[in-house]
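Alright, structures below, take your time with them.
Heads up, the next two complexes both have chain A, just with different partners, chain B and then chain C.
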Partner chain A sequence: MSWGITDRIAGFLARAARILVFLFMVGPLFFVLLMSINPQVGVFPPHAISATWYQFLLSRSDFRDGLTVSLLLGLSVTLMAVVIGTLCAFPLARVRFMGRNVLTVIFLSPLIVPEIASAVALLNFFVLIGVISNRFESLLIGLTIIAVPYVIRVVTGSLVGFDRSLEESSLNLGASWAQTTMKITLPLIRPSLLAGALFAFQASFTNVTISIFLSSADVTPLPVVLFSWMRFSFNPSLAAISTLLMVFTTGLIFTLEKLLGLDKLVGVTSGFSPSI
Partner chain B sequence: METILNDKRAGTRQLLPLFPSVLLIVFVFGSALAYMLSTAFFEYRPPYVVAEFTLENFQHFFSTSLYLGTLYVTLRVAAVSSLLCLVMGYPIAYGLARSKSRFERSVLFTGVLITLFVGIIERIYAWILLLDDNGIINGFLTYLGLGRVHLMYNELGIVIVSTHYLLPFAVFTLMGSIGSVGSSLEEMALGLGASRIRVFVDITLPLTLPGIMSSVLLTFSLGVSAWAIPMMMGGGLVWMLSNMVYDRVVSTGNMPFGSAIALVIMLVSISSTLLLTALFSRKIKVE
Partner chain C sequence: MLENISKTYAGTVAVDDFSLSVQSGEFLTLLGPSGCGKTTTLRIIAGFVSPDKGNVYIHGELANRKAPNQRNTAMVFQNYALFPHMTVFDNVAYGLKLRKMNKTEIAKRVKDLLELVRLPGFEHRMPRQLSGGQQQRVALARALVIDPDVLLLDEPLSNLDFKLRQQMRFEIKSIQKRANVTALYVTHDQGEALTMSDRVAVMHQGKLLQVAPPMEIYNFPRTEFVADFIGESNFFPGKIVGLSSSIATVQTEKGLELHAVLSPSLQAEVGDAVSVSVRPERIKLLRSPVEGINTFQAEIENIAFVGSVIKYYVTVRDHKIVLEEHNTGASLCSPGETAYIQIGPEDCFVIPNVQQENQAGI
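Up next, the complex of A and B:
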């Protein structure tokens, strides 16, 4: 196959497009990193390097409070989502029953309903039933609803391709059902459980929309604090915390890739819709 | 043991683990959505919400130019962003599906995953640094002796950041489609002497049309419900429907009208998803 001149130009253009789009995707994020170590606001490129904004960040009490709330919330949501999601993944993957497909769609619906609608609906409902006065609990329920579908997706996926002969042998050898689950089944799907937990944590820890609707002045998760910095005072320590969050995200991606493998990760993430 | 492993008929005991998720998602989330649906038909007599059936909220929405205009802006921003995602996502998806270099694929993949996972705060902050009137791009333009350009606090800014947010979804959808077409047909046509461009236009493009439609519909359905992006990039000058919801609910406490707008957003977004499902019967399923 010899390449004609037009083909060469087309090939070159396709490659150029790929590079440009790649730069569009990750390029802007590098400027955040640069700005976070730039002591002079509005000076670009930076003339000096310093950790000023990182120190400033730590000195803010609203940041420390927000981080505490978000970590507590994120860990509680993760725990609840993993337990609830894993429990429900077993019947979904292993038992044939009427309405299973419909129920699956319903369980994944928090990812399909626009988040602004979920946020308004939950606020409205929590006011109605009186839960709203407990802000932490409201946030916990709201964010768990968003996080559970990820765990269901990941864990059901690993159970569908599960070789059940090991479980059978264990039961044949006299182990109880509980022993088999704890010693055989759960350890075998551990990578998926961990991946589900990471998804759940990420979904709650970075959630903006639902967090803003359900939070109050006393209970303010980190994304809400940062969002109000961005809206009302363009605080340069935003660059510092953004950099830290991006480092966390990158670590998360590599861990997920290790746990699930690339193909499966893409399969799961195509249904991932973080808040906008 | 027999009943646990081999009996696939549903016993109540086997379905018991579904209970917590049914409680959380069917009961709590379902009730919340149902209650929002009914609230959209309630009356608002400031400062009270009165549970009396009325169509007033929807009539008001569809007869006021402010809201119709906002609906139009919302549809336009989502449509432009999803088309941009298609145009920009295709080369990346093609590279991911076809590139022979493992290195290139893993670099592209990492880029797409980072773009997908990066939080909304970091994303918006990064773009403000670039697009602001005193931002990096305008600083560079001034340095070159060119004038400043308004890149944010308008629809352009919202479109740019929405495209950045939606791009990974387009890439994954297109990649699946290009991958499933396989490269053998293309290679055959090349072997028979067709040019690269003809192979792309006559074979790859038509065969990936379902993927193209899916990509546009998916990104559109996600794009119409954007809230934080238009709030920051529109800077109060350009509004999308979600921003109206927040304003009505939080500033004035008009839950019925806020619910009505949220329902309109849901309707647009979900009908786009349903169209997608109907067109390609690509059921939403677990793996």
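Up next, the complex of A and C:
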């Protein structure tokens, strides 16, 4: 019966390892959460729970401005990234043209190239042009460049497994290519479009490096505001915003799970699987 | 609905100098093994593939340049290709909505078609709620509702289980007859082809070998491949040693002499290399010797009891022959026994030898 014992020991160790890793990763975050609801600085564990720091956040105009800028940027970047990304995804996924692999790598490169390199390059570029440096537009362009690869990856993933006979059927029944794309293809890849949009929003909203390099006195995204706070004044309101961002990101992940998971439940019979 | 000389080369030759004329209202099947070019031909008619050479005519009009959505053909796909995000109603109405029909007209037509395919009241179901057979019928309804010039069916029954396939054969045929639409059906299943079609076109390696009504294809196959692919056949390759009116005497290498019927369209001369094809069920098994042409002594090697039919595997002068007898309840011969076989010359059919095989006409 040594088999059974070994199995059980192995199982126990595996579970223990999992729990430890989980605690290790989540621990600091939990700590931050505690800090954010602790009205007294430097006292741990907290004696009381209060929303002081959250209120503090909202009272600061630079925070509110930063939030507004980030939201506006986020929405615009999402829109542009989804449109550009989807347009790119179709030929990349479907047409076998010369240089396709090279082009794919180029389009996805922002994911691989260290962000600081991209940030410096972008800043220099905009300064060189001179026309749109230090404005909302440069941030928009810079963040879209970062966001597009996410959209391309998600959308090509679902296009590759897409059942073309559905499109053929549509054409056969008299629809033009445009009608077929609008009525058949896009609705069926909608989950991956949404997933791409969420990725894009997340990528731009939480982006630090490029935002720092491209921001200016009038246009400061939220991460940059927080960064400067950290350098000049350390108070638990940072913990508060961190907690908020964590909640936000977690919510995003759950939504994505639901989107792509729900889709499988609903049972799209065309047999494609959206993949990230 | 005509289709003419469509020749295609797609890397390897997919369709080779193929000509076919389909009559209005006809149910014609393209039959052949996988890779013979039948699906490619179908897709050429639909417009998904462009032929390298040749022309497609639909209703007398040249259709080569027309995109798939400009031709009035309707295709039923092997996997049905129903739009999963739309209801049955929207699926069937899809083509009509594109043609800008008004709502009441559309509703009526969809209702009529659903009744035709025996799915009344299914308008609000989603494709994933339907069984294979039901999806098949919705696909049919969707194709027929737009009143196509040609209905194209690409192995529509291959995804169904055996019983359902048998059922659907008759359903599809009767729907086609009632709708009076020209149908072009692609399959590798000869049973389907023979039971459903007005005519069968046998294809192999891109070429059209023979087009004829099912009985003719079975009884008078023009090439060795056709004879072999459809039903079972015994082949006796040899040379013509004698000719008289419509009977040829063929001698095989092993010295067997057979008197066989020569089809009038076949030009043959003494000395030609040919093959004689004989269907197993046409060979008579006799216990005692009998006089007559095409009568030979045979040694029984093996017997297979298939239920309604008994197959005997015999050897005649080194030729391995399969013959079939109906199970009449009579006692069976046993392996090792000597028996006699007799074949009527009208049941022996001369086919040109493989090298001389060329396309058959219409």
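Here is the rule we go by: the second predicted complex is superposed on the first by the 238 of 276 C-alpha atoms of A that agree within 3 Å, B and C clash if a C-alpha of one lies under 4 Å from a C-alpha of the other, contacts with A are read in each partner's own complex, and residues count from 1 in each chain.
Basically, a contact is a pair of C-beta atoms (placed from the backbone, for glycine too) under 8 Å apart; a residue touches a chain by one contact, two chains touch by 3 or more.
From a predicted model like this one, the values you see are computed outputs, not experimental measurements.
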| item | value |
| --- | --- |
| Which superposed partner A:P187 touches (first chain B, second chain C, both, neither) | second |
| Comparing the two partners chain B and chain C, which touches a greater set of residues in chain A | B |
| Touching partner for A:A217 - first (chain B), second (chain C), both, neither | neither |
| First, second, both or neither for A:L166, with chain B first and chain C second | second |
| First (chain B), second (chain C), both or neither touched by A:A175 | second |
| Chain C-contacting residues of chain A that also contact chain B | 168, 171-172, 267, 269-270 |
| Touching residues on chain B, where the partner in the complex is chain A | 1, 4-5, 8-10, 14-15, 17-18, 20-22, 24-26, 28-33, 35-36, 39, 88-89, 91-92, 94-95, 107-130, 134, 136, 139, 162, 164-165, 167-169, 172-173, 175-176, 190-191, 195-197, 200, 222, 224-229, 231-232, 242, 245-246, 249-250, 255, 258-259, 262-263, 265-266, 269-270, 273, 283-287 |
| Complex contacts: residues of chain A adjacent to chain C | 163, 165-166, 168-176, 179, 184, 187-188, 267-270 |
| Contact footprint of chain A on chain C as seen in their complex | 46-48, 67-69, 73-75, 77, 79, 81-85, 94-95, 98-99, 127-128, 142-143, 146 |
| Complex contact set, residues of chain A against chain B | 1, 3-4, 6-7, 10-11, 14, 17-18, 21-22, 24-26, 28-29, 31-32, 35, 42, 44, 83-85, 87-88, 90-98, 101, 103-110, 112-118, 120-126, 128, 141, 144-145, 148, 152-153, 156-157, 160, 164, 167-168, 171-172, 177, 202, 206, 208-209, 212-213, 223, 226-227, 230-231, 234, 238-239, 241-242, 245-246, 249-250, 252-253, 257, 262, 265-267, 269-276 |
